[in-house]
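Next up, some structures in structure tokens.
Here come two complexes built around chain A, the first alongside chain B, the second alongside chain C.
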Partner chain A sequence: MPEMKLEMQVNGRKVMRLADPGQRLLDFLRDELNLTGTKEGCGAGECGTCSVFVDGKLVKSCLMPVAKAQGAEIQTVEGLAKPGELEAIQKAFHKTGASQCGYCIPGMVMAATSVLREAPEASLDEIKERMGGNICRCTGYSKIIEAVALARDVVTGRASPAVLEPETVGESYIGHNVRRLDAPSKVTGRLKYAGDMVMPDMAHMAVLRSPHAHAEIVSIDTSEAEAMAGVACVITAADVPGTDGFGVFVHDQPVMARGKVRHVGEAVAAVAAEDAATARRALTKIKVEYRDLPGLFDPEDALKPGAPVIHDYAPDNMVKHIPIRKGDIEAGFAAADLILEEAFSTQQVEHAYLEPEAGIAYVDHDDVVTVISPSQNITHHRHMLAGILALPINKVRFIMSPVGGGFGGKEDMIYQGMLALAAMKTHRPVRLVFTREESIAASAKRHPSRVTYRMGLTRDGRITAIRFEMLSDGGAYGMSSEGVMRKAAILSCGPYEIENLWIDTRAVYTNNTPSGAFRTFGGMQAQFATESMMDIAAERLGLDPFEIRRRNMMRAGSLTHTQQRLTSASIDRVLEAAEQASRWEPGAPTMRGPMRGDLGGPGTRAPCTLGARFETPKDSKERVA
Partner chain B sequence: MQRRMRGRGVAASWYGIARTATVDRAGAWAELDDGGTAKVVTGVTEIGEGILTVLAQIAAEELGIRPEDVTIGDNDTARSPEAAHAGATRQTYMIGNSVALACREARARLFAEIAAHWEVDAGALVAFDGELRAQGTNLAMTMAEAVDLCKRRGVVPVGAGHFTAHGTGLNPEDGSGAPWQAYVFGTQVAEVEVDTVTGEVQVLGLWAAHDVGRVINPRGVEGQIEGGVVQGLGQALMEDYQTANGHPVTHGFAKYILPTALDVPEITSILVEDRDPLSPLGAKGIGEPALVPTAPAIINAIHDAVGVRIRSLPATPEKVLAAIAEKQAREAAAAKAAE
Partner chain C sequence: MLTFERYEMPATLPEALALWAEAPAGARLVAGATDILPWAREGRAGDVDLPLGIDLSRVAELRGYERHGARVRLGANTVWQDFLDDPRLARWLPVMPYCSVWFADDQIRQQATLAGNLVNASPAADGTPPVLALNGELELCRWAGDHIMCRTMRVEDFVTGPGATRLAPGEIVNSVTLDIAEGYGASFQKAGLRRSLVISVACVAALVKLDETGTRFADVRLALGGVGPVPERLRDIEDRLRGAAVDARLIAEVAEATASRVASRSRVDYRRRVVPGFVRAALEEAADRARVAPSAAERKEAENA
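And then the complex of A and B:
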């Protein structure tokens, strides 16, 4: 690796290192200077988590070779405030609750600092535009924008610094806006996520992933990779000592592909080496011979007779079918004045947590195999890994590192097994950090769904019967499909008491990216269909959307779709609260928009028209276009 | 049709709290510590929802100290009791109640010693914000003094707690069963503007009313709602993970489009409290329920604005334009037929 003498000012101190000039400024800050407050979210300049100031200008450090920063003055999130102190913008983030998982927050704080420095009089719209290059997946941005506006007001003297102080407690800490205890560590970049952690003698892992959607593995030859200088070990399915399988419900997924690959991006082998670059180079020396198998890419095709079989245990490709039956569906439809038949579909959705998957594994002095990772279920992961490693359960330990966003996507144990195997094989700590592309290809998505819906109603809007059928693409592995189908079925027909129901939800195997747990676990897909049906019915019957919902809603004593007797149901209260807060003007949903009198009032923003503002704010150093 | 058309839509929703169709359980340990501080060991760490602050508030309330005096042990299978997974809208409900019960046991140990020292009934003791007193008397001391006294009497005030949610499995034939013991409900109203030339939809306002049982931290709940709404908005209008013959084609954030600060509506959260009668705290949850009604409320609002029904998510500009064109063609054909 070529080295160059690099000199720059970093957070006010002179820094000199002999280092690879081609590495990214981001890597130099994180790896050479251990300034891990600057995060990597995408490596492509899209998310803003790696934002730093270079000679006073906000820069995405993943896009800048370090040699370009030669002689420059760099400021990172660690350099904003003195240790133990917070700048006004950081206090404002703390006050408003602007940090959740915190992974995007150092970048957000830097972008917000840039707003305050360059356009201290910025309007809310300008703040949003200037923060538009930074992605957050947790907060919905609202409290971040609120924080920037609050800090702006303090910095410009329009508000007293006292507005940044905590609220005083009344008679109870329950119901009180206690400021988040973890916020100071997040707004200063001090919190260590798994990918920020280092251990002495740590090796770095890279993963070889399948380029095929469905293929038999004829052979794997790792000898050339293993012989490479700097390589600590190469692992494949052959290294698994115990029962190779994990999954939230069905243990159908091997730690690395065993015998065949079932989706593009599936792990096939992994290398641990002195550094990540050597590990990645070693991947190119692993020879895998594949024999293509016919693939399944549509859930309807998976159910056809003679369809390719993805898993031997499921010759019909069915991951899970959940039926729910209540009442007499025929009688219900016979009693209906109106029968609606519709079809709905929802797409596959990526979790897009800003922290890509990462972890460190090591074997401790008591031979306990320990995995540190942002796992959303260490209890279950410990169980599964003990079986995979054929170890007693107390010889496996999981530590949950701060999770930089999960939303269900970190419930699957898709890489912790590889880390454990490499740590056992080398007796060294081994770290793996996914790239964004790896994270997107290898992790589960929200189940896409296709729903066919039949709803019967009386003239006065009472639902007499529902036939609900949902087909979901589970992708290559079971992951959370079973639970997602169950929750989708239970919640399918919404918060309404319906006497006659016939519900089926099914997830099938295909060779697509696996679907798994994602915030709402199927509840969103199912209720999208139901709530669309409610409005379609309201339009046909000339009823106000709130009114048709009230006529069918659950109450205390109602029987749910699974025939559970409810002791309370707050649907009446939330309907009323939303109706009142939004000043809803009643009427049937018949393209009423052009006639409505309740539009554009309190609680709405002006539409965003990008490129429409050409004014330069007073006293601004920046010309805004 | 005018270029920019506005409309409103509503959607309701419901959700179950904690793991589905099974017995859910969690445990926690607590110790009132020197200086009137506390240690709580739970098996939980932050995934961003604010659980550590919520647990500190619960522990502070139960122990009579301040949230910043509470130290929460890390989530570690070898060092802390089972908390199981950080998901299923179960953290406040399962871990929150476990911590409350563990703290109550620790507090009872301390109160027994102080009551004996003061020669009063333990039921007369109240502690809040670092101060302990006996009601109906002038007796008072700080919690730091109380812990010191308790230990000098030979007692370390520790407690353990666990909480159970009694869900039952579903009958495999008809699906009958009681999958959860606590349910929440929500309703959202969306106001949108549709650009009939580009097909772009902007969400300008969103009102979200959610039952959370009992609010532990109002800003925290709002943050969950705002985040959920914007994820729902992303799914309604832009996000779309696509594969071609199994190959991901949206493999980075340049291809996989996410909402940014510019896409966000003004969000008004209305927190409704229908307390859970089956748990010590009465709180339920908000993490997942927050995003359930967002997409249908937006899609219903698009219909209100321009009279087209989007049945396939996301409602991309292309789909909205095609639906408007199809509607206009249908209306033109109907007008012609009527001539």
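And then the complex of A and C:
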């Protein structure tokens, strides 16, 4: 690496380092100066978690070679307020509850600061436009935009600074906005996520991943990588001392591919080295010989006789089948005046939490293998890892670091085992931080599902029978598929009381990226089908969509799909609230066409455009263009 | 991950050109760096170790801009945010702010250069259509042993295909010269997957100057991007409209014919539906803005008052 004497003013202090001029400003700030409030979410300029000011201009530090900042004044989130204090914008984020996982928040606070500096009078639309370079996955942006508008009003003197203070809570917290305890640590960038943590003598891990969807591993030769200067260790499945296998329900997934790979992106080997660049270079020296196996890429194919078998324990490729039966569907369909048959499909979805997977593992003075990671399931992970490492449970410890967004995607123990093995092999702390691309390739996704639907109805809109069959692509490993299929089955026919139903949900193995937990856990795929069916039925029967739902909704005393007697139900109130909020005009969907009066009114989102900054408010000075 | 064996920050154009002339195979010029860093990642180029990076951001000659009569010569380091932040550039080049606001985001525009966007020659570049509409011309310079040799080339001729240009070995883009279009109304229409941080699925840049009655097209500039291997100037439509009365039916008629210009390899049907709508919207919006755009003389008067 070349070296250059880099001098700059960072948060008001002179800084001088002999460092690689071609490295990113982001790396310089985080690795050389330990300013970890500046995050890396994507490394490609897409997310804004790395926004910093360079000579007063907000830039994305992942897109700037540090040499460009030579002699510049840099301000990071750590430099916005004095220690122990908060700027107005930070107070506003705290007040409105704008921080959830917090990983996007330092960048958001920086972008908001830039808005208030560049355009202190910005309208809501202009605030949104100017913050377009920063993304958040938790909040839906409403609270963030609310915070910026609140800070704007305080900064411009339109509102008293008192509005930033917490609400007074009397006898009860109910009915009051209560500020989050952890918000100050997030809005100042002080909160350390796993990828921000450093330990003395720490090694950095990189993972070799399979380029094949289904292939036998004939051989792995790690000798050249192990001989490289700076490499601390190389690990493969051969390093696992105990019973290899983890999973939320079925323990079908090895820490690293064992004998064969089952999806593109599966971990095959991992290197721990002095720095991440050396670890990545060492990966290129590992020789893996593969023999291609026929792959399965469509769940329908997985069920065909003679289909390739992905896991020996499941010769039929079935991860889980959940059947539910209630009543007599033959009689139900016979009583119907109308029978509807439709098919629905939904796609794979990535969680895209802004914090890519990261972790740090070490073996402590009492030989306790300790893993710090944003795991959504540390107790289960601890038990599984103890078996994998053949250690008693008291010699395995999991510490949950702040989760920079999970949404179900961090329930699977897809890298903690590798960290533990490397820490045991080297007796050094080992850290792994996924790249965004790696996160997308290796982490579980929302199940792509196909639903075949048959619904019988009477002329007045009463459902007489439903046959609901869902086939989901579970991908290469079981992960949360079993629970997702169970939830999909339980929620399948929606909040409607159906006397006769026949439900089958199935998840099967394929050689696609594994599917796992994701917000709603199978409910979304099922409800998309059911609610679409309700609308189709309303259209066919000439009924109002709210009315057809009311005629079938569950009430106190109803028997659910799994035959639980309800003591209360709230869908009537939900429907009423939705009807009012949307200013719904009663009538069948077919009867009104484009002349509906309930479209385009207040609360309806305007078409997406840009250019709010060109609109000149009457009371402000002339603006550009 | 992008690494450089050597990273140079030349301060003058002769230094930069001399480094570039001697550069080993695989060396790259670095302007804003907003494309080269995402390029060196998994799924694209992967980890890349370059023998030399020549960072142009400190080259004095590439900074700033100057007016030469009816044209403005912009140094190659002009960044996209300049068209929003510099009121004079915004006035002279009225289409550029409207394009700029759709270009990446506020932060990337602080680094991304106009010249870099042109040299990248992406068929989906937001920046090329407005430059074509403003008769953009590049100054390409190289080191000839003891002095600098420069040639000029129209941007229209420079971009030859996706990622392909007529930049010769050893050459650096020194400046971009554009028509000053003060008093024109302008519009930029773009469809992408979201508002910020996406390239164009289709885009249209339009400039309209009205005659003194405000009812006829005195001049029209129209260029299309994202719908073929190279951006295209729609001269036949410009010629047809020049001198004609501003009329919604005429605009709709010429716009309808633009669907046939779509020569993309993907999403052709979608683009054929979008483009005529964009051309119509761009012409109408530019004409509306031309009606309220003060002429240079009026502005002078206002300033003197």
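The working rule: the second predicted complex is superposed on the first by the 600 of 625 C-alpha atoms of A that agree within 3 Å, B and C clash if a C-alpha of one lies under 4 Å from a C-alpha of the other, contacts with A are read in each partner's own complex, and residues count from 1 in each chain.
By our rule, a contact is a pair of C-beta atoms (placed from the backbone, for glycine too) under 8 Å apart; a residue touches a chain by one contact, two chains touch by 3 or more.
On a predicted model such as this, the values are computed, not experimentally measured, just so you know.
Once both complexes are superposed on chain A, the partners chain B and chain C fit side by side without clashing. In the superposition on chain A, A:E342 makes contact with chain B only, not with chain C.
Once chain A of one complex is fitted onto chain A of the other, the partner contacts of A:S223 are absent, as it touches neither chain B nor chain C.
Contact with chain C, but none with chain B, is seen for A:R24 once the two complexes are overlaid on the shared chain. Once the two complexes are overlaid on the shared chain, A:N34 sits clear of chain B and of chain C alike.
By the document's definition of touching, of the two partners only chain B reaches A:A581; chain C does not.
By the touch criterion stated above, A:G132 is placed in contact with chain B and with chain C alike.
In the superposed pair of complexes, A:K487 makes contact with chain B only, with no contact to chain C. More residues of chain A lie in contact with B than with the other chain of the pair chain B and chain C. Residue contacts after overlaying the shared chain place A:S160 against neither chain B nor chain C. Between chain B and chain C, the smallest C-alpha to C-alpha distance in the superposed model amounts to 5 Å. Once the two complexes are overlaid on chain A, the chain A residues touched by chain B in the first and by chain C in the second are 44, 46, 129, 132-133, 437, 441, 608, 610. Taken together, the chain A residues at the contact with chain C in this complex read 1-2, 4, 20-24, 43-46, 48, 51, 57-60, 62-65, 67-68, 70, 111, 114, 129-130, 132-133, 276-277, 280-281, 435, 437-438, 441, 608-611, 613-614, 622, 624-625. Chain C makes touch with chain A in their complex at residues 1-7, 9, 30, 32-34, 37-38, 41-43, 47, 53, 55, 57, 81, 84-87, 90-91, 94, 97-98, 101-102, 104-108, 110-111, 194-197.
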